[in-house]
Amino acid sequence: MKRIAVLTSGGDSPGMNAAIRAIVRTGISAGAEVIGVRHGYQGLVEGDFTLMDASSVSGIINQGGTILHSARSQAFRTPEGFQQAVDHLRAAGIEGLVVIGGNGSQTGNHALYTRASFPTVGVASTIDNDLYGTDYTIGFDTAVNTALESIDRLRDTATSHDRIFVIEVMGRSRGFLALHVGIAGGAEVVLLPEIPWTIEQVKRTLDAGYRRGKKSFLMVVAEGAARGEEFARQVEEATGYETRATVLGHVQRGGSPTAADRVLASQLGSAAVKLLLDGEHGVLVGEQHHCITTTPLADAWSHDKPLDPEMLDLVRVLGA
Amino acid sequence: MKRIAVLTSGGDSPGMNAAIRAIVRTGISAGAEVIGVRHGYQGLVEGDFTLMDASSVSGIINQGGTILHSARSQAFRTPEGFQQAVDHLRAAGIEGLVVIGGNGSQTGNHALYTRASFPTVGVASTIDNDLYGTDYTIGFDTAVNTALESIDRLRDTATSHDRIFVIEVMGRSRGFLALHVGIAGGAEVVLLPEIPWTIEQVKRTLDAGYRRGKKSFLMVVAEGAARGEEFARQVEEATGYETRATVLGHVQRGGSPTAADRVLASQLGSAAVKLLLDGEHGVLVGEQHHCITTTPLADAWSHDKPLDPEMLDLVRVLGA
Amino acid sequence: MKRIAVLTSGGDSPGMNAAIRAIVRTGISAGAEVIGVRHGYQGLVEGDFTLMDASSVSGIINQGGTILHSARSQAFRTPEGFQQAVDHLRAAGIEGLVVIGGNGSQTGNHALYTRASFPTVGVASTIDNDLYGTDYTIGFDTAVNTALESIDRLRDTATSHDRIFVIEVMGRSRGFLALHVGIAGGAEVVLLPEIPWTIEQVKRTLDAGYRRGKKSFLMVVAEGAARGEEFARQVEEATGYETRATVLGHVQRGGSPTAADRVLASQLGSAAVKLLLDGEHGVLVGEQHHCITTTPLADAWSHDKPLDPEMLDLVRVLGA
Amino acid sequence: MKRIAVLTSGGDSPGMNAAIRAIVRTGISAGAEVIGVRHGYQGLVEGDFTLMDASSVSGIINQGGTILHSARSQAFRTPEGFQQAVDHLRAAGIEGLVVIGGNGSQTGNHALYTRASFPTVGVASTIDNDLYGTDYTIGFDTAVNTALESIDRLRDTATSHDRIFVIEVMGRSRGFLALHVGIAGGAEVVLLPEIPWTIEQVKRTLDAGYRRGKKSFLMVVAEGAARGEEFARQVEEATGYETRATVLGHVQRGGSPTAADRVLASQLGSAAVKLLLDGEHGVLVGEQHHCITTTPLADAWSHDKPLDPEMLDLVRVLGA
């Protein structure tokens, strides 16, 4: 392959730029040209391409967001748009494509690979960590630390005022973010989309805490398990204790990536290019057990990635 | 005076601990004993006192919240509770009191001074910066920087996705926080409780921005001017552009204080003790034009503290 | 004036980009063209100019360093180089110049104004805060907070190990940075270039601390008062206590500017353009007593800016 | 076991407090009493013990350092001191001990287990990551991120001034910290204790960079590979380019732990208690391939833990 392309798609996650940098520099180092596709799949449909040299990715390793921009594309989902995308890739002499993104983004990637037989590799990047085939996705570590900073700040006020605080973090269907934030933040209660809960259980945990002399509580809820403001009202009604909510929202998607996310993005981006050049296509590059691994793209979202039961147990024992 | 007391009251603000430290150490250095009152005015009513030595305030200068805790007190507002508070102060041999807090807290302070002729001094501490008699209150600088961090993170995503983001910051009746955050964050729109606004104006600003080639926008709203989520919906309806909200909530009250807040708290706390010992009572200690100044307590909330019109102008010119 | 220019010079300081942004956007808003000069005075000598539109300063308010770059210029100090600089300015139709920088940079500015009668305005930007005519310079607040973060980290280890730590901060001839860092960090000893000190005094302070039960100490030294590593050795010899040094170096110059530095930079940059257009030249724009003020350029470095004696006193009383 | 003890030893690392918290709460949850030993092995020799209840570890998960303090102990290395330590443990009815610390600390742990047959478990905690039997040690992730923050700040100045900066990080014999910091910081050169280097190689890398148009460079050196200031001088002599050094020193040991370090510390601390109670002794608890694993204590420092050759390669390819 003499010319490959890279795009970022879906919700942005910190470390995408570090991955782009690794892809560009590894590609050039291996003798290939690297084309950046702007605005995700929409850029494929429109042929919004730019040649990237080594200096085009200087000084971006520490920046959040994505210099290639991201966007939703209805057009790419239509047969015509899909064909335009493929045509643009071929017309530009692009022989392989790296897609940096999460769940939905890798579906598009899979379509290109299976329906158009276009050589692609996926790089797992989403703050939700909900892709099978990688222990951690790019951006997850940063998002956990961002939410944690807010928890640390809330605890100051919770302790000073003997109060209950609820913090809603992202996670519609998966609770990885909430679980890590909860343990790292020393939360007394963590609600996850995967685990049913009742307000009575929550009340019992709080009551038990008060009996042991606790005077302030932090509760982390994944948006898929409960909405922060509504849950705070439920707790107040059920217990009579004043309860306040914080909703972090998109703040969790931004910020300079942590060291771990930059290293992971560098490793996965670099590996993706090598795989593309070596002829291993249609796979998601991930990191499992600290090794770079590949997984067939379709498995990435069809296989379940379970929560660690030991960590669920830690919440109960350590939040006590 | 041989024995003075200190309490923190109202919403906590970063730097309260630095002020407590300065009060304790300045008091001891001047030969006085310093008593800490726990849980604000409620602690006065209940006589919840503790003797503080120099080492009791070691290692707290960098901590958010207040080691003396804060609380609301209905009891203190009743004639009986008020009398109990005064009795406890006198019974403990306390000859002077420093009250660290905002608007509402200094009202209680004023009551002690005028109705019970008890020697008091107030230290201006609130993230809202809404006290007359000081250019900045303790905690304001930290709160601005905390909100700013979130803005910086949102901008990454706003830029990557060509989107509009709304961030709601604290400020029911005053817009100091929103104004500083807006200018420092480079916001295109800032809504303040003091300045009437219409959705048409906002739409015009956005439209003009889009015409000039802007593709993402950040809008900072004080909670007293608009509620984040509702405003985001209004913008979306009026413009058709996707708009998302973040509501920081109590996160803005916590965190390790900035250097400026620690220095200000050290200066004001130290000055408060000197005033108390020198016989200047019933005043709020503040910092005006980089000098330590005093203001009669009643003026602190009855006089208006205007926004700087030049800064309002900066939003318009620089957000362009 | 229809065309003005801006350059950054000397050591970079956080907030320079926010000042450039304010200058560009205020200039454009007032109907002028704004030219950026790259690489400071060297860029003047070489005519390294670029036209800046409103979007050229998008997304830089939160970035450290300077997008216009800075450099030393021997050439500008020669009569020939100086004349070339003036010729380039005139040939490009530039009618006024804003110089963002510290002490040395404003000397060059003064030369242009007095020797070539070129309309200039200076914006006070240096982490040293050593310019007369402004209470604080752009970058100072960020540098204080950066050094403070390191102090907070050292205190963890100092406390855990009952040890003495020395931290050397910038400041060859002036101690503003060390003084603010020392008070905000709760340092027990602060050495400043302006205040003579002896190792015996330091030993007495440490001994007195140990007698009162203190077990760990933090000492902040300005590089002009003592070199960190050497001073640590002196302390170890004089007291027998293990002492370690940290030398922050240029780390203090970088980083995303604090809210206060961004606001100050926005205010000063905007004011500088207005002054230039209004015909007030040869002055330094600063902020005194929270008002925007101007000072004849020559006064900026020839007048002394004293340390606040009250703050010196605070170190002694609060570090006890 | 009805009563177990915990001590922290050696250089402190961020996350030690999170590990103490996990040990105390897991112990209590399993029905055991937990005794804290102050000042490491010296506290064993002196019998400096304190009973810890669940609330004694409240609010410490986010704090750097160690609330149990750490110290060197010559006494423990003597036969008499060692015997006193064992006697104190037995006299206090302590049946098992958890030692949180690095290399040297686990040697003492091993001595207790082998020479006194005392049931012990080690928890791997050091910023150097130089213990075999765990992929990462507690504190490593925080130290990498702390050094990275400084790199990000230096890059601002390096880029603005077209300069070379050297940053010396900890690591006398192992380069894990320098390698991760180098990749995450986008360093052009990384010097490690494990890899021989010459100034000629460094010069060639710089020269090649300059030829490709690079104008600023960041070089990360482990203290065991080169001393920052001396190396900067060597580079300046060899290349003629101005080069500046920053020496972070003990700053790398402090600070609030990252999410990853808090989670790891919670997992390892909790697992250590379970092992102790389940009768598996004389082992180091670590995390390998995201599983909690045990390794005989003696292996922890006698087995080599190699650097990842792929990561070494990444420095070369991505720093280009």
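In this document, chain identifiers A, B, C and D correspond to the written order of the chains, with residue numbering beginning at 1 in each.
One rule holds in what follows: contacts are C-beta pairs under 8 Å (C-beta built on N, C-alpha and C of every residue); 3 or more make two chains touch, one makes a residue touch a chain.
These figures come from a predicted structure and were not determined experimentally.
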Between subunit A and subunit D, centroid-to-centroid distance (C-alpha), Å: 28
Gap in Å, rounded to a whole number, between the CA centres of subunit B and subunit A: 35
Rounded Å distance between subunit B and subunit D, as computed from the means of their C-alpha atoms: 39
For subunit A, residues contacting two or more additional chains: 152, 155, 159
Arrangement of touching chains [line / ring / star / complete / other]: ring
Chains touching one another, given as label pairs in label order: A-B, A-D, B-C, C-D
Residues on subunit B engaged by subunit C in the complex (per definition of touch): 21-22, 25-26, 28-29, 54-55, 58-59, 61-62, 135, 141, 144-145, 148, 152, 155, 159, 180-181, 183-186, 212-214, 256, 258-260, 262-263, 266-267, 270, 289-290, 292, 310-311, 314, 317-318, 320
Contact footprint of subunit C on subunit D as seen in their complex: 8, 11-12, 14, 63-66, 69-71, 146, 149-150, 152-157, 159-162, 165, 244-255
